[in-house]
Each structure stands twice: as C-alpha cells, then as structure tokens.
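Handing you a structure now.
First chain written, first letter: the chains are A, B and C, and each begins at residue 1.
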Amino acid sequence: MVKTLGWLTAAALAAGLVMAFGVAPREVTQGNVQRIMYVHVPLILASYVAFVVLAVASLVYLVRRDPAADGVAHASGEVGVMFVGLGIATGSIWGKPTWGTWWTWDARLTSVAILFVMYLGYLLLRGTIDDPERAARYCAVLGIVAALDIPLVHFSVYWWRTLHQPPSLMKPGGFTGSSSILWPLLVNLLAFILLYVYFVARRARLLRAQAEAIA
Amino acid sequence: MSYARRALAVAWKDLAVERRSKETLNALVFFSLLLLFVFQFTLGGDRERLAAVLPGVLWLGFVLSALLALGRTFLVEREHDCWEGLLLAPGDKSAIYLGKLAGNLALMLVVEALVLGLFVVFFDIDLGRALPGLLVVVLLGTLGLAAVGTLFAAMTANVRARELLFPVLLLPVQIPVLLATVKATEALLLGEPLGAVGHWVKLLLAADVVYVVVSLLTFDVVLEA
Amino acid sequence: MSVEPVVRIIGVRKVFGLVAVLDSVSLDIRAGEAVALLGANGAGKTTLLKILATLLRPTRGAATIAGHDVARAPEAVRPLLGVVAHGAWVYDDLTARENLRFWATVGGLDAYADDLTVALAGVGLERVADARVRTFSAGMKRRLSLARVMLARPRVLLLDEPFAGLDQRARKWLEGRLEAMKAAGAALLMVTHSFGRELGIADRLAVLAGGRIALDTARGTLGPDDVQRLYAAHAEESA
C-alpha cells in the first residue's frame, strides 16, 4: 500500500518535472528562473495541507486518545516544517534574480516565515518532553492553537504591509494566467501533496514501531 | 457557583502570594527601569527618531516583562509539589486556568501602567487625548498575551529548558497581537481617534476570543496526569 | 464492610523511557484495611502510589478505586482520594489557615471557618494558624498536609512516608488518627522504606522488589525483627 503510494509519488514528481521544463512556457521577463515556481508554490501549499492535517489529527487525538492520530500529527509537523523551509529557500533563490534580494519583509514572505518558526517551536516542544503521552497531549494543544493562529497571522501581516504580486492561483476573479502555466502547476501540486502523504505514511509507521519497541 | 469560587480562590492565592513576596513585581519594576536605560542608550536624544519607534519600544517593554512574569506563573506550584494538588482537584480544570489568567492579567497591568508612567516621565510623551484609546488597546493586547502565555506557561512548566522554550513558543503565536497593538498605538499617539484603528481593535478582539476559548477548552488536557 | 476490595491493582506495568520500573504488580486493599508497602529506594513504590493517585498512567495493566479505573475515569476517583505525597502542597507565603482554605475550596468543599479551626487544632497547629508557612519546620508542613487530608474525609488514603520528619509526639498522634480513619472504613496504603511506626498500624505488609510484589502477608504477630528478616530475604532475592 505504502509502496504503491511511493511509486505513484515518484511518477507524479517525474511528470511534474517534465511539465515544468517541457510543457510550461519560458516566462517572458524573468526567463527560465521563473520555472522554480513549479517547486516553490507546491511546497508552500503542501505545507499548509500538512498544518491543517496536523490540527485535525491533534483534535482527533484529544478526543479519541489514539496514538496513531498523534503519529500523523507528529509526522505532518516534521514534513510541514521541511516543506516550508524548502519553500522559503526556493523563494529566496527565485527572489534574488527577480527582485534583486534574497529576502524582503513583504506580507506573504513574513507570514510564511512566522509559520516556519511557529511549527519549529512545535517540533522543539516534542523534543523536550520525554513522556510520549504527555508530549502528544501538549503538542496537540499547541497544534490547535497554531492552526487557529494562521488566519490571524495572515490578516495582521497583510494589513501591516503588502508588496507581493497577488496570489497567482486562488484570488478573487479566478485564475488569470494561461492554462499552459496552470496545468504544470497543478500536476506539481498533486505530486508534492502525494510526497507529503507518502512521507507521513512512512514516518507514522516508524513512530508506531518505535512506540511498540519501548512498551 | 463552585466553579467561580475555585477560579477566585486561585486568583486570590496568586495575588496574595505576590503581594506578600513581591518576588515577581520587584524584579519587574527593576527590569523596566533597566529597559529605560537600554532604550535611551540605543535611541539617543533624537526626539524625532524616538517618536517614530516609541510604540514599538513601548510594546517591546510590555512583552519582555510579560515573558518574565508569565514564565514564572507556575513556578510557585512546583515548590512544594502543589502542581500535583491542582492536578488532583476534582472538577473542571478551566476554573484554575481562569484564576491564573486573572492573576496574571492583574500583575501585568500593574507593570504596564508603571512602564507607561516611566515612559511618559523620561521620554516626555504627551499622552493627552490618546489615553482612553490606548487603554483599550493595552487591555485587549495584554489579555491576548496573558491568555496564551498562561496556557503555554502551564505546558512548559514541567519541561526541560523551560526558560528557553516558553518565549520560543509564545512569541511566534503572539505576532498578530504584537502587530495589532504596535500599529494601533502608533496611530493613536499620532493623534488619530480609536475609530481609525478599528480594524486592529477587531483583530485584537477576535484574537482574544480565540485564545481564551481555546485555552479554556484545552486546559483540562494540559493539567492532566 | 464490603468484601469487594476498594483498591485493586491488576498486573500494572510502568515504563519510563526504556526502563520498566514496575513489571507486573497486583495488590488489593479492602475498606478498613491498612497496607504498608515496603521497598528499597527506586523500587517503584512512589510510582505505584502516583498511579493510584491518578498522577501517572500505567503502561499496561489496570488499577481501580471503588470500581473506577484510575486511568480511564480519574475524575470519579479523585474525590475519593486523600493524598499525602512527597511534597507538602503548601504555599510558603500563605498562612496555615489560608492554605487549608485554598485546598478545600479548590477541592470543591465548603470551607467553613469552624471546620478549618478544628482541623488545625487536630494537628496541633492552632497556635500558628495565622503564621506564614515559610516559618514552619518540615514536620509542621507535613502536619498541615495531614490536616488538609483529614478535612476531606477520603475513602482511600495514599501516604508517602507519612511518619518521616515527625517527632515522637506527632508520630503517636498520627498513629491515632490513622487508626481512627481505618475504623471509619477508610483504606490505607502507606509507602515506606523504613521499618518505623507504619508497621504498627498495618494489617498487611507488602514488599515491592524487582518490579513485582515479592511478598504479601498479614502482619499478624510479626515483630519488627521478623519483618526485617522477611524484607531482606524477599527484596534481595528478586533484585
């Protein structure tokens, strides 16, 4: 089951690469650099998926006290932080040639950076509690608080400052880019979400084996 | 009825202990004085520059003293294992949270009033008409800070590297509150009415509601054996 | 007196990290019965007490108090318990009376002033009732914790080294109080690593060693020397 998922993910990632380099057109002003978007945007969006799953799994854990739910939350936290981190890195690489700077404190960059440190804290909390049951409870609470904080962070940072080009996929009035960009983007998004699910499945299984070995 | 009595007992206990030992309060007063020096040294005598950064600096002072005050709030429970007693108290644990929150809020407001007073005197600020609006913003901001701070302080009370972990967890989550309060304070000090910062006040209200409700609902889980 | 034991411990295992502190512990205590649980340092006595007190969850196995599972229904168990643990549960900057009133209120009891005075007099603290606990000796703090427990009239008393740090008079007094609670139908579990006064009140002796109950016997007519010999034999054999 997990193995099939792995092959499926690999196939989707390969298709995404082909689409990004073969099908998607060369951007007129930015040139080939713009193709990093097909990694950058899916990474960030997949990390949001991870954080939402983390919050739901946390809630499920608090209600049912099922260690499997905690495993999903734990794994989602790790994969989500990794994806956001990579998303920020790819964004920087994209930003240097286009904006002329590695980093700028615009609204979306700042919100994503805040998310990154928030969930890094989540992983830190996990690492400092020895009792797995207590770690699961506390992290579930933090996971729920953090998820509810995401909209607050977005609004506050957006009001604080905005410079960024408006979101390219979901914005009022629908998508305005051509379908030659949309399809490669969607295929890559699917590939990265599959990658996230695959990582979580593997990691959760490992965590369960670890817990069983101790008990 | 018993719920309110239990919450009150916790708040009364915390404030009585603080009133008698003055441990946290004394340290915080001293700390705010030191902050004043630090700000003066780093900002220099330039009035214009001072006016520009004042809202941020003021909230920096509030947040730093809040980190110190809130981080200690469960220390008193650890001294003679009182933590165990609270854990074993039958009934809804959120009463204990409410009591702790009320105690913390009172303590922080005292410290903030003091810091504000020091700023007015030493940096020669004219609060004037801004004061009522400022009170609203400070009250709402402090409630948000204390709500999450009390919850996280309970979570980190029995954790290794508590002093380190508490600010690391609290600060990112509190960024909406910080942005809202700093921006609103800035506008108010420039003489704008409270209505002009209505969106920030609404954000603070929303944040406070979310934080307090989530904390009330999850505190049982935190104070579980 | 009911035949069904008030406290039931069935095959409890507790693992910290990679170390199994309790392996498979089973023990019953009936109403009106007192059990002294002996064991060396680190044998897991306090761990077992904390599991019964709903402060720790067993890794495996179960414990019930008056039929309620301590891990699954702690809220049903807690009102029945009186716990005197390692720490005294006192606030140094409150007075003895304030401490007592605080715990009674938080515990959901009506803290009538008369009751508080009686409880404080019961533990011989009436003359320092309004002094801050910071000035108290360890023994006085322990007496204050006992007053807190007596005020709640629990069905099950869990005591960690109840006689430690008490002087001769206080020991005699506590012995009397515990006998009275026993007679009123309370179940007592006293954890200790010494062979002190606990043994006088205990109806049964249990020795915890190697993560198991190595010995569980009626005290009967055993004298202190017999106990010491039995303890040495069983504690060392399993260790």
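Definition applied: a residue touches a chain if its C-beta (ideal position, glycine included) is under 8 Å from a C-beta of that chain, and two chains touch if they have at least 3 such contacts.
Bear in mind the structure is a predicted one, so any value in this text is a computation, not a measurement.
The chain with its Cα centre farthest from the Cα centre of chain B is C. Among the chains present, the centre nearest to the common Cα mean is that of B. The geometric centre of chain A is 51 Å away from that of chain C, both derived from CA atoms. For the pair chain B and chain C, the distance between mean C-alpha positions equals 39 Å.
Annotation: 32 Å between the Cα-based centres of chain A and chain B. Annotation for chain C: residues 57 touch two or more other chains.
Each of the following residues of chain B touches two or more other chains: 224. Listing the residues of chain B that touch chain A in their complex gives 148, 151-152, 155-156, 159-161, 165, 168-169, 172-173, 175-176, 179-180, 183, 199-200, 203, 206-207, 210-211, 214, 218, 221-222, 224. The touching residues of chain C, counted against chain B in their complex, run 50, 53-57, 74-75, 78-79, 81, 83, 85-94, 98, 101-103, 105-108, 132, 141. Residue ranges on chain C touching chain A, taken from their complex, read 15-18, 57, 59-60.
The residues of chain B lying in touch with chain C in their complex are 2, 5-6, 9-10, 13, 16-17, 20-21, 76, 79-82, 84-91, 96, 224-225.
Per the touch definition, chain A reaches chain B in the complex via residues 62, 114, 117-118, 121, 124-125, 128-129, 137-138, 140-142, 144-146, 148-149, 152-153, 155-157, 159-160.
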